[in-house]
Amino acid sequence: MIATLLDGFTVLLLAVGCFFVFLGSFALVKMTGFFHRIHGPTKGSTLGVGCILLASIVYHTVHGSGLHPRELLITVFLFLTAPVAAHLMSRAALSLMEGRPSDPSTTPDPEGHIRDDADERAAERAREGDASP
Amino acid sequence: MRRRLLPSIPQSLTVFAFWLLMAEDFSAGNLLMALLLAWVMPQLAARLQREFARLGNVGILVPLGLKLIWDIVVANITVARQVLGPEANLRSGFVWVPLDLTNIHGISALASIMTLTPGTVTAELSEDRRYLLVHCLNIDDPQKMIEDIKRRYEAPMRKVFP
Amino acid sequence: MEFALASAIGVLTASGVYLLLRARTFDVILGLTLLSYATNLLIFSAGRMVVGRPPVLREGVEPVLANYADPLPQALVLTAIVIAFAMTAVTVVVAMRNHADLHSDHVDGHEPGREPDDRQ
Amino acid sequence: MIGVAIVAGMSVVGLAMLMSLWRLIRGPSAPDRILALDTLYVSTIAELVLFGMHLDTEIYFEAALIIAMLGFFGTVVLSKYVIRRDIVE
Amino acid sequence: MPSILLILLALPFAAAAAVAALPRTLSRGAIAWVAAGAPLLGLALLAALTPEIMAGGQPKTVLPWIPSAGLQVTLRMDGLAWMFAGLILGIGALVVMYARYYLSPRDCAPRFFAYLMLFMGAMLGVVLAGNLLLLVVFWELTSISSFLLIGFWTHRDDARQGARMALTITGLGGLALLGGVLLIGRVAGSYDLDVVLASGEAIRTSAAYPAILALVLAGIFTKSAQFPFHFWLPQAMAAPTPVSAYLHSATMVKAGVFLLARLHPVLAGTDLFFYVVTLVGAITLLVGAWYAIFQHDLKGLLAYSTISHLGLITLLFGLSTPMAVVAGVFHIVNHATFKASLFMAAGIIDHETGTRDMRRLGNLRRFLPWTSALAITASLAMAGIPLLNGFLSKEMFFAEALQVEAQDGMRLFVTVAAALAGVLGVAYSLRFVHDTFFGHGPRDLDLDPHEPPRWMRIPVAVLVLTCLAVGILPSLTVEPMLKTAVAGTLGTAAPDFTLAVWHGWNLPLAMSILGVVGGVALYFTLRRLFALHDAILRSWGKHLFQDNIEALFSAAGKFTERVAAGGIRRSLFWMIVVVLAVGSAPFVGDAADRALGFDGFGTPQSMPLMGWVVWAVLVAGTLGTVAVHGRRLTALIVIGAVGLMVSVAFTFLSAPDLALTQLLVEMVTIALMMMALNYLPKQSRQSRTRVRRWRDALISAAAGLGVGALAYGVLMRPSQTISGEMLARSLPEAYGANVVNVILVDFRGFDTFGEITVFAVAALVVHALLRWARLKPDEILPGPPVQLPIPADLTQLLFPLALTVSIYLFLRGHNAPGGGFIAGLAIAVPVLIKYVLQGARAVEATFGFDYLRGIGVGLIVACIGGLGSLLFGLPFLASGHLDLDLPVIGHLPLASALVFDTGVYIVVFAGALLILSTMGTVRQRLQAEEDKL
Amino acid sequence: MTQHLVLAPILVPLLTGAVLLLLERRHNSAVLRTGAWIGLSLLLAAALALFARAAQGGIDVYLLGDWPARLGIVLMVDRLSALMVLTTTLLAIPCLLYACAGWDKRALHFHALFQIQLAGLNGAFLTGDIFNLFVFFEVLLIASYGLLLSGGRGARMAAGMHYVVFNIAASTLFLIALGLLYGLIGSLNMAEIAVRMAEVEPRDLAIVRAACGLLLVVFCAKAALLPMYLWLPETYSRAPAAVAALFTIMTKVGLYALLRLTTLVFGDDAGAMAGFGRDTLLVFGMVTLVLAGLGVVGALRLRISAAYLVLLSAGTLFVAFALAQPGTIAAGLYYLPHSCFAAAAMFLISHVVQRERGQLGDRVLDPAPPLRSLTGSLYMIAAISIVGLPPLSGFIGKFLLLEAVPDEDTGWVYAAVLGSSLLALIGLSRTGTRLFWRVEAPDLPQPPTPTIRGIEIGATVLLIAYGLAMTVAADPVLRYTQATAAQLLAPAEYVRAVRDTLPLLREP
């Protein structure tokens, strides 16, 4: 009974995990522009893998050699690194952008400074010709 | 004296747990090894880095963590909707979020949390470390969002990293 | 499965060889990298293809080849990977120096048709 | 049931890997590719973990751990290159 | 007690060494005396040997050199050798005497005499050699020493060219001779002269005989300046005259005919020998004589006449009858005497008048009466005038020519050639005498000609008197000697003969008279018809040679240039072509299907879905890399995916250790390439030639197909490996459950030992190449170094964890995936990330690890780990095992391989970081240097 | 303890190199040199001891890790290995001597790289395992990259690129061949491979041949066989003198491997694989010879000539080994050390010439003032020796080779060997006369006062003295090489030695 329940839980975790992993990559393919794309993988894939790892722990506990919580380490690792990686990649994308949001320490009133990034994307594409090979 | 012997208790604890988790073996030998590493690693790290995180109210981390997990799940559902929906409806843009946090560890944690939560990705920390540049996938009221962030995450963070 | 591995090796080899024959140092380095993948997979394939039976002995499983993958090619590949890395490092640095000293990233140190500089 | 779920999961994640590859090759900008590679790393971990479940073995832990570490490090190095060209300053 | 022969041979070499050691400032007289010691003492020794030789004895000395290869220092003297030794030493002594006065103070006398003695020794070696290989040795030595002598005046263009030409031609002959001698040795079973001489029949009937004859004759003809190799000799006249007098009358050129005489019993007696040698001799005889008439240079005339006379000797040996051999040997002696004296006379004239050009000379009998008289007498001997030695041998030649036993055509040809040679000989002799000593002149001399020092004339006089003595009293003077020599040449086949001045009125005499009359007529006719002073006959041989050799140089140069200038791509292209050829050759004509295993070797396994995903990503990534390779950053990112897939494939196929290593190495490699990319152009220029791209694509595809097919062939075959035993013995004997790691540190620990050495050296090379290099980045972005506080903060958190992971991988490596190598990289990579995010200065200030010393220490630790077993009397790298049962810790298994693995750990860590930090901090070092300046 | 002697030629230089690396930062060059010489002396002692042991005719098998040969790696000392190790060591002495005249200070890590290079060479000669052979190939190659490039600039870098890339490509091929071979044969021990090679089933023959063919191609590429020699002239002529001199042994490593493999694995006992590749090698060897001769003729710089002379010697050895007769192998093994020494001397002389002529370098065609007669004399002896003119070692080597050529091959081999000698003679005599017999014209640029160091001349003289010693003591050397050839042609003995050597403690 418990085993069946656990199995059901595992399958659920798997389904959710795989869905989000897929979602991350799908966003990568579907969205236009870097800053649109990055939202999918950083959240979706990370959560997805987390779920799958959890599923794995449960699965191995039930069907395999016992409880191996060390896979949690990977989850921890991923959750620690994924946002920082996203931060860095955004930083990199920003550095390639023309007309990037100027540093608020040099502008008097930075708050509420909003830009639609459509023209940024255009600029970005213009730069891609030479900067990104 | 304590700082010489155990420069950072959180780190020691982390390493200890990390080793035991990884080794999956709770024999005496392994415990000893874990203890040894828990003692040596922070010493080593102390040589390599300038400052350790000074922690304030750690207890607040538990509700924060729970809230975070919930937010992450919500974030993902939101993102799923946004990704699967028509892209043209999205109103994306950058926002400079002013920070009250001064502790770099706190800022890092906040930045990470913001990235993991709905529709935001932190892209840059201003040079004076007083603003975080955030990209929002869909945004109606930037001011509200800033306030949201400051309330939900920055406030607890300021307690953890005073 | 065998065909997949063999064809992957073939594609890697062909791509590596093609890049190896390019005129720019960096392309050659890329080619060497691809070739080393091909080589490693090839040596590895000498142990045949075994899925899910890594040669890490487990209790209760008799240590015979039927239960484990052939460990020897794996050890050889390990050595080969390391050596390939060492060689790549050297090649990369020579390419850097070549470019710095001779002002050309052509593999021969000079653009075709232009006479090489005869300095030592 | 669970076996089927695992295999189905492997296909879905495999599809995710292929999509990452598509973005990796298409680009268009360098950050896009870095992002694609990073995503590929993450989906690969998922695939490996699923594969471990499929074969009922724990042996892929180290590989997954290292991939998790290195995926991040790779992103750091590549992004730093895009930002500064000079990786080490 | 060394034998007399050995001393005899050693004398000139000793003299050469002694002379070379003498200071340049010593008087030429003293130097000459030291040099002359060799021939004089040698003559004494020869005299001591004479009775034995005359009695038919053959003293022989054998010294071992390379007995296992049949090469002995065998010295042997018979009549022929004795006669030649006499010539070499006698004329050698006279030449030394002459040279003492000939050389000017500007010439380096010690060098000259040293070369001369070296040559003399080599020549003596040729005649004394009792082993054909030894003969070849000395033969080549004469080529080398004559090269030095001809080129003695190194500043003169003609001397250098002449020397090189002589060396080339005689070197060619020498190599051919070596080949011939080796073949003779094969047939005869020995190189010992006595054995060879006894195996004449076997050699002549062997299948190799034509080859032997061709090769040996090539040696002989080149050395003796036979047509068509004759042209080097006139060129060699750029040598100082004593050298010409010695080398080109008595010795060097005679080495050829000496060998012809020496091997006559072995080689002669076949039609092939007869026709080839006779014809070549006859042609040389005529060509040389004809060219001699038209030379303006005294020495040139003498050189061509030498060629002609050598042709005559060759022709005589070609005729092969016993009396022809006698005549040949006789003419060797005669020619040596008169030609040496003529060269010396020419040298005196050159010395006194400053020119050897007959167009400017004339009427010298007024100025140099004694020299003139001697030279005229010698010329008459050369022309074959009665009462001089040349007459006697020429008469014998005519007589033999008339008795040729061959077809009528051949006999007629030889007879006519002989008669014609007589005529031409008289003509050029007359030219020499008339244009130099009679008529008008001399013109436009820079010097005031007068008689040379007496001692310079004496050698000439001695030789001329010899000519006279032999010519007048042959039976008393030369006959016993000649008989001895002929006996040495022909052995038992030697004929009995007497020498007389007068044989009555006979056909040969008529030919002689005809020759004199015809020669005089020819000379004056030619003189009038062609205005000899204007006639210039180009030596086509010389020009042919020079043109050819120049063509050879330029062709070789161009060829080499063209072949070698292809650069790396040509090298690689050819290697791939060879690989394709070698790899596909075994399948040609075989059913490739069967051979590769498409048919019936095994059934392919089916692949899980994940395999196909990995396959697809791998293949697409690879092709993508090729497609984008020109855009380098992109290519690097794409190839990162390929690397990832390779590691996943390893994981998938049961090789977790490989996957870990591949991942870590991949990471470091990408970092490395990114660093390099900063100092290289960002993009690759595409090659413009589409043809090349297609060609490359084609052979790449072939290579890929081939390797893939071979891999498939292997995969489909059943495996028959020894590693089952490794699996079985890993745990009980090497105490490790991770068999791959056990192989790495135990079974095949030596490989790992070499591997870390490679790794360490790679780091050293990188360091050595970049430490002092001044590299400018391709692009420097403006502004201060970028601060990345958030990622930097994370790495602070991750670093201790990464270090923990590394230690875990290291300690567990023996039983689970991991090990020293993987662990070393697993800690090197986080440190690299610290470099990236915190900057080099910050890391190195806090880290303070000397990577270079780390490498050294690591290597030493690995060595110690391996050597530990020696203490227990076990071989290197034998693993020990310690099972500790400690009170608290409990059971703790320790394999001694851990020490070795620690060495690996240290080397890999330090090496990787040395590479990365050196590459990463190139600009900083440049900056620091610039700041310093 | 004597059974461990076989380790010394590998471990002594390796440890010396590691220790020198530790000393490098804190100590001056005198200390480093002392260390290097101590290491080299120990190595020489070990090499001599090993040689003396091998000369008694036995085959020593050293089971590393105490594993039976089929499982672990073995080191083997037979006559051939001992000869190669001794040759390497002897060659290293003048090279190090020459480098100590100053180059070692200009090239970072020179001493460490030099020692490791020796370790790599010796390892390649001593190992009895084919994959370990690959590893040592890589050790010696990577050390050679360092020696070639450390302290170098400009054109040397371009040459280095060529050398490095070519060798990496060849090493890749090596691995491919090894992978296939292991996959088919299932063993890495050369003796075991030999045994299994004889038992290859007919259906596997083609693919085994392909794998073996690729393996031979690797060795041919490293030994610079036509058409894979294009890397050699540039590389060798651009290398620093002492390094180029040491590099003369590098092509011989490929030849060594070729000889080892063709005699052991493709020997007469190898069944269907017997004599594999010999005919092709012979033909290509002869063409290589001739092209090398042409290269010498066409060379416009002395060092290029010297490089082509290395190629010439490689061609000669190809011919000798491809003929695979006792006599030709013995001749080749006599010729091998000689050619190393002579070509090395030529490289050192080139460098002396270059220094004496200042900016004119060693170009043959530029008019230049004459050089010192001592240099000229050294050149002449080296040239005579290498061309194969009597009475020096080159002559002995060549006549031994020609003497042993089987009847059916005589014509072509004679033509190739003698013809190439003639070409070399023509080329070297021109080079020599142009370099050393020069006009003393006043308008020629006067070279800077040459700073020829006695130590450099000493190193050259030592190399030439080796050649002379080989000439004088030709008989004992030849007897040794004849015995070596006999040993090589009886591979069963080798296999038996490997199989009969049992671990000390472990079960066999």
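A, B, C, D, E and F are the chain letters, set down in written order, and residue numbers restart from 1 in every chain.
Basically, a residue touches a chain if its C-beta (ideal position, glycine included) is under 8 Å from a C-beta of that chain, and two chains touch if they have at least 3 such contacts.
Not measured: the values here are computed from a predicted model.
Common partners of subunit D and subunit E, by the touch rule above, are A, C. If each chain is reduced to the average of its C-alpha atoms, the one that sits nearest the average of all protein C-alpha atoms is F. The chain pair C-F and the chain pair B-E differ in C-beta contact count, and the higher one is C-F.
Subunit C and subunit D have Cα centroids separated by 22 Å.
Distance between subunit A and subunit B, defined via averaged C-alpha coordinates, is recorded as 15 Å. Subunit A and subunit E have Cα centroids lying 69 Å from one another.
Residue positions 131, 135, 138, 142, 145, 149, 161-162, 165, 169, 176, 179-180, 182-183 of subunit F are each in touch with at least two other chains.
In subunit B, the residues that touch at least two other chains are 18, 22, 108, 111-112, 122, 127.
Multi-chain contact residues of subunit D (touching two or more other chains): 17, 27, 30, 34, 36, 50, 57, 59, 65, 69, 76, 78, 80, 82-83.
Contact between chains, using the touch rule, shows up for A-B, A-D, A-E, B-E, C-D, C-E, C-F, D-E, E-F.
If you check the complex, the residues on subunit E that touch subunit A are 628, 630-634, 682-683, 788, 790-791, 794, 797-798.
If you check the complex, the residues on subunit B that touch subunit A are 18, 21-22, 24, 72-73, 75-76, 79-80, 82-84, 87, 90-96, 98, 108, 111-116, 119, 121-124, 126-128, 130-131, 133, 135, 137, 139, 142-143, 146.
Of all residues in subunit C, those touching subunit E in their complex are 1-15, 17-30, 33-34, 37-38, 40-42, 44-58, 63-65, 68-72, 74-79, 81-90, 92-97, 99-100, 105, 107-108.
Of all residues in subunit E, those touching subunit F in their complex are 64-71, 133, 136-141, 143-144, 147, 151, 154-155, 160, 163-164, 167-168, 171-172, 174-176, 178-179, 182-183, 185-186, 211, 549, 552-553, 555-561, 563-564, 566-568, 570-572, 574-575, 577-579, 582-587, 590, 592, 594-597, 707, 710-711, 713-715, 717, 719-722, 725-726, 729, 733, 746-751, 754-755, 757-758, 760-762, 764-765, 767-769, 771-772, 850, 852-853, 855-857, 859-860, 863, 867, 869-870, 873-879. Chain contact summary for the complex, subunit C toward subunit D: residues 51-52, 54, 56.
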